[in-house]
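What follows is chain A paired twice: with chain B in the first complex and chain C in the second.
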Partner chain A sequence: MKGLLSSFRTRFARPLDAAVVGSLLALLVAVPILNLAVPEGSALHLDTFTVTLLGKYLCYAMLAVAVDLVWGYCGILSLGHGAFFALGGYAMGMYLMRQIGDRGVYGNPLLPDFMVFLDWDALPWYWWGFSSFPFAMAMVVVVPGLLALVFGWFAFRARVNGVYLSIITQALTYALLLAFFRNEMGFGGNNGLTDFKELLGFDLQSDTTRVALFCTTVAILLASYVACLAVVASRFGRVVVAIRDAEDRARFLGYRVEHFKLWIFVASAVLAGIAGALYVPQVGIINPGEFAPLGSIEVVIWVAIGGRGTIFGAIVGAVLVSFAKTWFTGLFPEVWLFVLGGLFVLGTLFLPNGVVGLLGRRAR
Partner chain B sequence: MGRPIGRGEEDESGDVLKGPRDRRAQAGGAPRRRAEGQGVRRSRFAPLLFVLLALAAFAEGARAGEIDEALDRLARGSFREKAAAVEQIGESGSPMVPRILSALLDSGIYFAPESGRVYLAAEEGREVRYADAITGEPAPDVDPAGLEKIIVNNRMRTDARATLARIRLGAADADERGAAVRSLMGDRSARTLELLRAAYVDERDRDVRDTLRVAIALSELDDADPDRRIAAIRELAGSLHGEAYNALTALAARSENGEGELVAVHAAARDAIAEIDRKRSVLALVETLFFGLSLGFVLVLAAIGLAITFGVMGVINMAHGELIMLGAYTTWGVQQLLPDAIEASIFIAIPSAFLVAGLVGIVIERCVVRFLYGRPLETLLATFGLSLVLQQAVRTLFSPLNRSVETPAWMSGQWVVNDALSLTYNRIFIIFFSIAVFGALVALLQGTRLGLQIRAVAQNRDMARAMGVRGAWIDAATFGLGSGVAGLAGVALSQLTNVGPNLGQAHIVDSFMVVVFGGVGNLWGTLVAGLGLGIANKFLEPYAGAVLAKIVVLVFIILFIQRRPRGLFPHKGRAAGAF
Partner chain C sequence: MSKGESGTDRVRAAAFPERERWDLLHGAILYLDGVTVRFDGFRALDDLSLSIDRGELRCIIGPNGAGKTTMMDVVTGRTRPDAGQVFFDRDVDLLALREPDIALAGIGRKFQKPTVFEHLPVFENLELAMKKSRGVWSSLVARLSGEERDRIEATLETIGLRESSAGKAGALSHGQKQWLEIGMLLMQEPQLLLVDEPVAGMTHQETERTAELLVSLAGTHSVVVVEHDMEFVRSIARRVTVLHEGRVLAEGSMDDVQNDPRVIEVYLGA
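This part shows the complex of A and B:
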């Protein structure tokens, strides 16, 4: 098994990596041309809806990469990565809310609509600074990272492992779900944050902004892809893999296992937060539903289907399953959960290395 | 007890007399007036006599005739005639009297000049429904535009209230008498006081006597004699009636800056209030404890199946919640099959839910889980997939909408301990049911051959197999047992909440928390953890609100696990490191 995996990695990882990088670059060039340059009536025209949909898939892909980083490489099955994604999304959403200014329904220059609705007379302190784009972007990274740091520091130091860790990560996102549903939290309660107008002064509804957002997503995904490859190939990354395969042995060899786990966990959370921040302006809403434990488990199945332990597997899995979801929920909404459930069962039973593993086996 | 006799005679005498005039001639005035006079003094006996006399003498139609006339006077007469009409209605003995008088008190009584009929109006939601005042039959096609409201003055109200209370005070049913006394508590007129005192002399039921004493004391709070007032206050000191508390607070406020004797009254009132507050806070504590226990036992019930599959076998069954859901749907299905036997259906539902969920569990074990032993994370994902499939299957087969399971009559309602504390029967049932399930499981695991084998396989699979235990068979049986218990939890939950496809999901996170908190592989740990979390949740709720209480508990567990990763009661010994 291990032999298979390593031989497969040396022989196929690079070409597949190249393929993924290549297709992402192709998207980066082709999508703006097909959407903006090709006239609307043409058969080659790519409508903005599809561009946004693709952008959404790629945000999911980034989230999947984040989960793969901890699960595929470090053996930490997090069932709560949706929490980091949503926190990043909320940070972006808060910036976008502040950008609305006095164009809300109530026209209040100081407060977002939902606060006016709740009869609040001042902005809560944790909303301060979110009018500034750099500050909001810093928060996109800092908030999920800090949560992961605190949570991971407690968990890994106490050597909470395996399913216990999975269950408490699930509890974490569940607790946040409940908390964000509360109106008193000051994040819009059930409805979340929505009705965004513009980002950095660009109208969010215009095609150009949409395409620009898409291109940003592709670029950041590419960057994180390359960064992850570098991390995984580094000395640090190899220790992380060693921890996944034999934690005790790594510890006895003198590595501070909890530190390695903590840093990879934080890095992954930050990546998930960035994905969330890119996701929100494209879909136009962020609400507590993103914290739902179900969503986080779905991410895990993307990675499992794509092939864990390979970065491109995560991307392929996320895009494939999300595409299938769009297709099925559009045509046969009844069937989708059967398909997803079936994917979970069959995937774990018959495809332990995912679709990518299948490719590797056939090639051998 | 008066009623059945009365009814029997009413039937026999049904055709004796017909015309209203005859009836009036025979029944009017003297004899019945005497009966009424006795009613005041001997409230319990009088109505019996009254009913006997009235019913023996008059037929249904005849009585309707008398009411007919009285109602006519009520509708068209002067105020003086109206007052007499109220009295007459009160004396008529018709079963419609309470309804007519209540409608009168609520100003819900109308007259139709064209037909000469009188209608009673009752609000149901936003609609007003009319009923004929004589027969009590609903009159759906009456035109509200053709109705005149019958004007009622205060004297009539007082009369009506007293008559109504008197009729109710004489009821055969002790609960109804108690309710009548309670309805009189706000009324502190001398007439009512007299009525209450008279009733007290005859009353034999202890609860009603207590209520009567409170009602009398309430009326005596206004007595001119300060000693009497203080005595009344002392009487009310331990009372939990809302009315008593309000009256005492008002009295304390009124006498606050008083002088002389009022100082003593004020002090007594304040003491009495403090006493009531003390009692109430104790009862509130008991109530919270009860809610906590009932929530805790629900948690235990939902988690205990998981404690077996997760704790004993080490299998993460994310479909556990859906097995609970299947149990709940089985309860619903049994009720659909036996619509005439809701009372008994629960006793059929309990074994069926166990079997259905248990069989589904065995199928899951044989088809999926057994290929994944030793790979807990993969098991988690695969069973999660199964949970999605089961949810969607239920959605497709039945409906995405919630189904409501009927609660058997013996389980609905509540046990009213006193005015400040009442415990619902369904929650009491669930507490006992959980204890029974828990006891049965412990007995099974500790006392039977199967239990021995299950524990043996859990401790050391190879050694157990070497001793001749069929490992695979035991795995399936254990999984089936855990799943069956989940089904039982579903039966219990169906009595508390609506049954829907998402029922299981709502409980899965909680169940895992309980198992992990209590210590994996330890049924007693699950019990302690479930009860502890349930009670903690309910005690936090008043301060933090339901949602925040839940969050606090979750965060507590997350922190707790990081301090003690193996839960409250960890497994000790060699098997401890197994997972």
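This part shows the complex of A and C:
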């Protein structure tokens, strides 16, 4: 543990880390005050819509951090991280569905609406236990983690690398997309899970719950940020970078490359799952669209634009690009994809280290 | 090993009768027997048999495609031969092990193209190579002790990279990268070093220092050097093996092999 702490201290000396941690802490304090304490008519009042939007961006930021961990540090270009995000989201969604109880349209106390609609008479076994919050939260971690473990075990043992690995991660998320679209799967098919009412008994529509969800997101993002910094600064983190730089060298030094890849991949998938679970109660819906291959590619673009292999770059990239997306799709919806593509091309050409690379150069 | 151990050896030989043959070879650290590697019908190694003695410095030469690098690939577990046996340290069957286990058993390898961790500082390159537990968990909580730091400093001194210790390995010159890789090999504390073209891209002075280093390692380590630079081979070699078309063509002192008509034919073309 001391090793982790001391390496963390040296790592934390980076000014940009302090800036990210500082801004997150500031959000944690300022947002509740501006939303709840400042009266609605005031110019300083932050409306709940914006709070939720910010919360959404920060969930994306957490997903970007997860991708940066495997891609930026270990060179595993995963184009399927949306799958882990969505699975975490579905686990949370299933809990929220069970919370609805008999307040659904059909008023069935035992089954969610979509199952009543499909004429099912009993809850499928994989829905058992999701009425319990602790169980659902465990599944948020276990399901993406287990999928990553099994997938990674086969892929890394077989030494699937580079573009081949990227392609099979795309296939993974695409296969899940198709599966979750099917009504028979029991996850609400095309419509997904929605119409949520309460989380732990708190009304999801109320301002206080929304602000609490936002603060939880910030706190968990902060905690995972700090944890990631500690991990990448440890010897484990340096072995992972070593594998990225020269996999054979690491192997011939006696490191079991596949184990290191596997565990960083699993950790990253778990982080993505947690991000998904925080995302769902804030946006109020989870549907198979979250598995879309394009979504996972977008995450990679966030990380590339922010600057990979830095952690904070992922956060900066995710927030900046998501903000730009909200702004552009509001004003000129038809040009957004061109802007995104342009950003990626220009970013790769002129900012190989991303936006934070630019800042870093200035700072030095 | 001394003859006093022959009792244990006999027990071992009885338990593993097929190993009886190389248990007699007390001096050998590496033993290849009848190793054949085929790539698409082409025999990269053709029934190759070779033995390296403990503490020996052996040079392996041969024209391109003679199987020098393939031989190293077989010993380090990267390539599985189609036939043959490879034993290390008398009774370690290398063909049953994967690359990391072979490295941990005590075989270090320097690649033909210098391969270092470009984005890590020179110091950390050596730190990662240090003989230590390689587990995922232990690496997560590992700390560098003062003693280990001293060892890394000493190696930095040996390979002449003390000045560049904190700089990224990617910023080193080609020759310096070669040295760093040799330094990483030393940190691994292997019994056997396989060194593929150590002086490629080095200046004359660097080449001389490399020669000194390799010669000083022999005795405490066993060293196998693959090299094209004949002058360099002459300066370090006591025993030279010439490979040709996946087989041993000749073996002996540098003078012997240089005067061997078969070697002359292969090198100068018939």
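FYI, the second predicted complex is superposed on the first by the 348 of 364 C-alpha atoms of A that agree within 3 Å, B and C clash if a C-alpha of one lies under 4 Å from a C-alpha of the other, contacts with A are read in each partner's own complex, and residues count from 1 in each chain.
Basically, a residue touches a chain if its C-beta (ideal position, glycine included) is under 8 Å from a C-beta of that chain, and two chains touch if they have at least 3 such contacts.
Bear in mind the structure is a predicted one, so any value in this text is a computation, not a measurement.
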Chain B versus chain C as contact partner of A:S234, first or second or both or neither: second
Contacts of A:D248 with chain B and chain C, given as first, second, both or neither: second
Touched partner set for A:L337, first chain B, second chain C, both or neither: first
Partner touching more residues of chain A, whether chain B or chain C: B
Partner chain(s) touched by A:M92 [first = chain B, second = chain C, both, neither]: neither
Touched partner set for A:R256, first chain B, second chain C, both or neither: second
First (chain B), second (chain C), both or neither touched by A:A155: first
On chain A, the residue positions that both chain B and chain C contact, one per complex: none
Residue ranges of chain A in contact with chain B within the complex: 77, 151, 154-155, 157-164, 166-168, 170-172, 174-175, 178-179, 181-182, 293-294, 297, 300-301, 304, 334, 336-338, 340-345, 347-349, 352
Touching residues (chain side chain A, partner chain C) in the complex: 1-4, 6, 231, 234-236, 238-239, 241-242, 244-246, 248-257, 259-260, 263
Footprint of chain A on chain B - complex, ascending: 316, 368, 371-372, 376-382, 384-393, 395-396, 505, 509, 512-513, 516, 547-548, 550-551, 554-555, 557-559, 561-563, 565, 579
List of chain C residues in touch with chain A within their complex: 76, 78, 99-101, 103-104, 108-109, 111, 115-120, 124-125, 127-129, 134, 136, 139-143, 181, 184, 188
